[in-house]
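Residue numbering begins at 1 within each chain, and the chains themselves are lettered A, B, C and D in the order written.
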Amino acid sequence: MSIATSIQTSDKPLGRDDLAELVARDIAPGSFVNLGIGQPTLVSNYLKPEQNITLHTENGMLGMGPAAEGDEIDGDLINAGKIPVTELPGASYFHHADSFAIMRGGHLDICVLGAFQVSATGDLANWHTGAPDAIPAVGGAMDLATGAKDVFVMMTLLTREGASKIVEACTYPLTGVGCVTRVYTDKAVFLTGPDGVTVRETFGCTLEELQELVPVPLRSAAAVAG
Amino acid sequence: MSIATSIQTSDKPLGRDDLAELVARDIAPGSFVNLGIGQPTLVSNYLKPEQNITLHTENGMLGMGPAAEGDEIDGDLINAGKIPVTELPGASYFHHADSFAIMRGGHLDICVLGAFQVSATGDLANWHTGAPDAIPAVGGAMDLATGAKDVFVMMTLLTREGASKIVEACTYPLTGVGCVTRVYTDKAVFLTGPDGVTVRETFGCTLEELQELVPVPLRSAAAVAG
Amino acid sequence: MLTFVDSVNEAVSGIKDGSTVMIGGFGNAGQPFELIDALMDCGAKDLTVVNNNAGQGDQGLALLIKEGRVKKMICSFPRQSDSWHFDAKYHAGEIELELVPQGNLAERIRAAGAGIGGFFTPTGYGTMLAEGKETRIINGRGQVFETPIHADVALIKALKADGVGNLVYRKTARNFGPIMAAAAKHTVVQVSEIVPTGGLDPENIVTPGIYVNSIVKVA
Amino acid sequence: MLTFVDSVNEAVSGIKDGSTVMIGGFGNAGQPFELIDALMDCGAKDLTVVNNNAGQGDQGLALLIKEGRVKKMICSFPRQSDSWHFDAKYHAGEIELELVPQGNLAERIRAAGAGIGGFFTPTGYGTMLAEGKETRIINGRGQVFETPIHADVALIKALKADGVGNLVYRKTARNFGPIMAAAAKHTVVQVSEIVPTGGLDPENIVTPGIYVNSIVKVA
């Protein structure tokens, strides 16, 4: 399929906060969401009360509120990143198996994760560099990647060395196969799936410029829609 | 092994209540116990408070008390036989999967069940006559038979037709394989296991008389102990 | 999305012919009688029903079976002294029966909600209920492979719901409710009371609202 | 049998060399620090430890690892900024690591308590953590066979116990406590408060006393 129109919605690349705001805006009202450790946590700052989003934390809670401050800090109330958080009205607590059953049973609408690499068909690599001396640590990444109805990735498009993190096939060890549905980057939003990669919008670059950076064929969402 | 001594602890066969009292006396203090529907339920009448036995009912409760009477009757508080029961201090409620996990995970010390037949090696048949037009109904019988640490059976030794219910191999459909550890009958208490059948005590008959009724080789517990 | 509806008829209106419907309850405890009556009224047929029993007397599930609306029952204990409607249909060859040991029934429903593809259990090994099923010996113990039971709809009864659909139950009426809520695509709950959000202690929630789709208060 | 003991040292005194010990907690929440210290004091070695992490800083599990008392860790997230003792032992080849996705860890522990012989899960399929494991496609989805994790002893922390050992927890400190209590042959619990039997609402018990063997109150 040829590259047709490009939908440039910003004239410059998005910063981390702008990207978090965009992800937050894209979450459907009433969704149950798990935000991964790191950059995805920023998304919570931009969720609006009227969106009525319920946050899950895999260490045993639904209805998680913002980070705790001052007197609110309670060592028994933390998120998956081990940061003290708060409890919203309507919250519930459960043990680890019940908590992962929520995730693994397909009940979460969306999880948002960071990534080292995402393949054209939505394979995710986000837990292990594969370096021979690295101590592997996986946490809940594989459960999140496999269990949520939609897996959104947030990352910079390029590594520090300028290589695309969207790749033909992941070279880092996989977290999950064909699980990522959307990739939010500073330069563009990509939709991934069995049919490959579609660009929903670009930030500060044209689709042609984006294609030069990314080693897999890109389609425009506008062209697909057209 | 030859039949040596016979330990006759009663000069006549035991009635249902006497048998229930005997089973109750044999339950170790502090045990967690599930009493099956029918005759086994009688055992609860003879448990002494100082035995500190906790009763489990598979429809979601530990700490079940006696049958409810009068104003105590509450449609939301029933046992596995759908009889209204009561709640003792220290009781707890849980859902069906958690309740069967207690049983299936090997956490119950004893369950007491009725039976059509028990084989020499402890196979149990208690759920289905195998009649071609019978509607099969299994309930929790297979879980109880398989899950409890010890499975006690209570039954009359003989059918109405005079056939032994302790058999070489069950002719009725099985509930569980090699699961029964003890059989309490009106004429004797039998221990069953991989090595066959041992008679612990007889009621109103000698071991020799018992052997004439039962088509599998019987050993005396006294002989085994000796 | 969670909705609070005004009537049991509205609550079950989305149930289609051919659906798999889980119905909570053990004996009368936890049975959502009003929702079952509404299912009767709504006309959906060719149903596969998952319940511990197969109807009793001349009410609820028994009537649904009598009227020929149930194609298949998945249950542990169909035969009761007053299960005459099921008995008749069964003997007439007009209803299919999948008989499941009660613990396997509970665990298979739980597996569906928890995303488990199947599991091995000692229950039923060496019995006719394991015939045709995959078995293996694990740590010296014979075990049977059992698969999850998913449903399109669950009809359950709870004591109270709050504004986000969190549920608490009452005594042994809890039974199949929590696991069926998790196993069904769409869970309909009849409750005795609806309390404001924040009115249930977060430590004591039995079914989190994420598993609940429709709530109707029944007097 | 349930016993109430006076000290954490007495509570862990039965732990033998070579035991598999589950330790509750996620981060600091729910970690039974005092019981871990007592395990350190009791001298048991060649332990297999099941915990979400592999020790942090210079305390608790990290010290147990530093002292060479842990032969093998089963955990989901050993590498942390302050997991230096584990890191050193791992790089020296002096500790074995079984790395398990956190949900598989929880489900495998739950399976042990529930008598499940093993189960299939999509988590980890197609990844290096599934290498060497049995896989199959179920309903179009690749799944990995995972086995239960049993333990000799569980050391957990709860908020309150009553006289028959029923437990309630506090907020996200609940985490692994309930499933570890069910998976271990012998469960030791440190609690903040012991209340008389009848002092906990039967509807709100999280861990029934059947899963609890020793209780010690820690100030």
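The definition used in the following text is that contacts are C-beta pairs under 8 Å (C-beta built on N, C-alpha and C of every residue); 3 or more make two chains touch, one makes a residue touch a chain.
Quick caveat, the model's predicted, so the values are computed rather than measured.
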item	value
Contacts common to chain B and chain C (chain labels)	D
Chain B reached from chain A - shortest hop count over touching chains	2
Higher-contact pair (C-beta pairs counted), B-D versus A-D	A-D
Chain centre separation (chain C, chain D; CA means) in Å	33
CA centroid of chain A to CA centroid of chain C, Å	35
Centroid distance [mean C-alpha coordinates] between chain D and chain A, Å	30
Multi-partner residues of chain D (at least 2 other chains)	107, 114-116, 121-122, 169-171, 202-203
Two or more partner chains touched - positions in chain A	87, 93-94, 97, 100-101, 103-104, 147
All pairs of touching chains, each written as two labels joined by a dash	A-C, A-D, B-C, B-D, C-D
Residues on chain C engaged by chain D in the complex (per definition of touch)	107, 111, 114-122, 136, 138-139, 141, 143, 147, 168-171, 201-204
Of all residues in chain A, those that touch chain D in their complex	57-61, 74-79, 82, 87, 93-97, 99-101, 103-104, 123, 128, 133-143, 146-147, 173-177
Residues of chain B touching chain D in the complex	30, 32, 54, 56, 62-63, 87, 89-94, 97, 100-108, 147
Residues of chain D touching chain A in the complex	26-30, 76-80, 83, 86-87, 90-91, 97, 99-107, 109-110, 121-129, 142, 169-179, 206
Sites on chain D touched by chain B in the complex	1-2, 112-116, 162-164, 166, 182, 197-198, 202-203, 205, 208-211
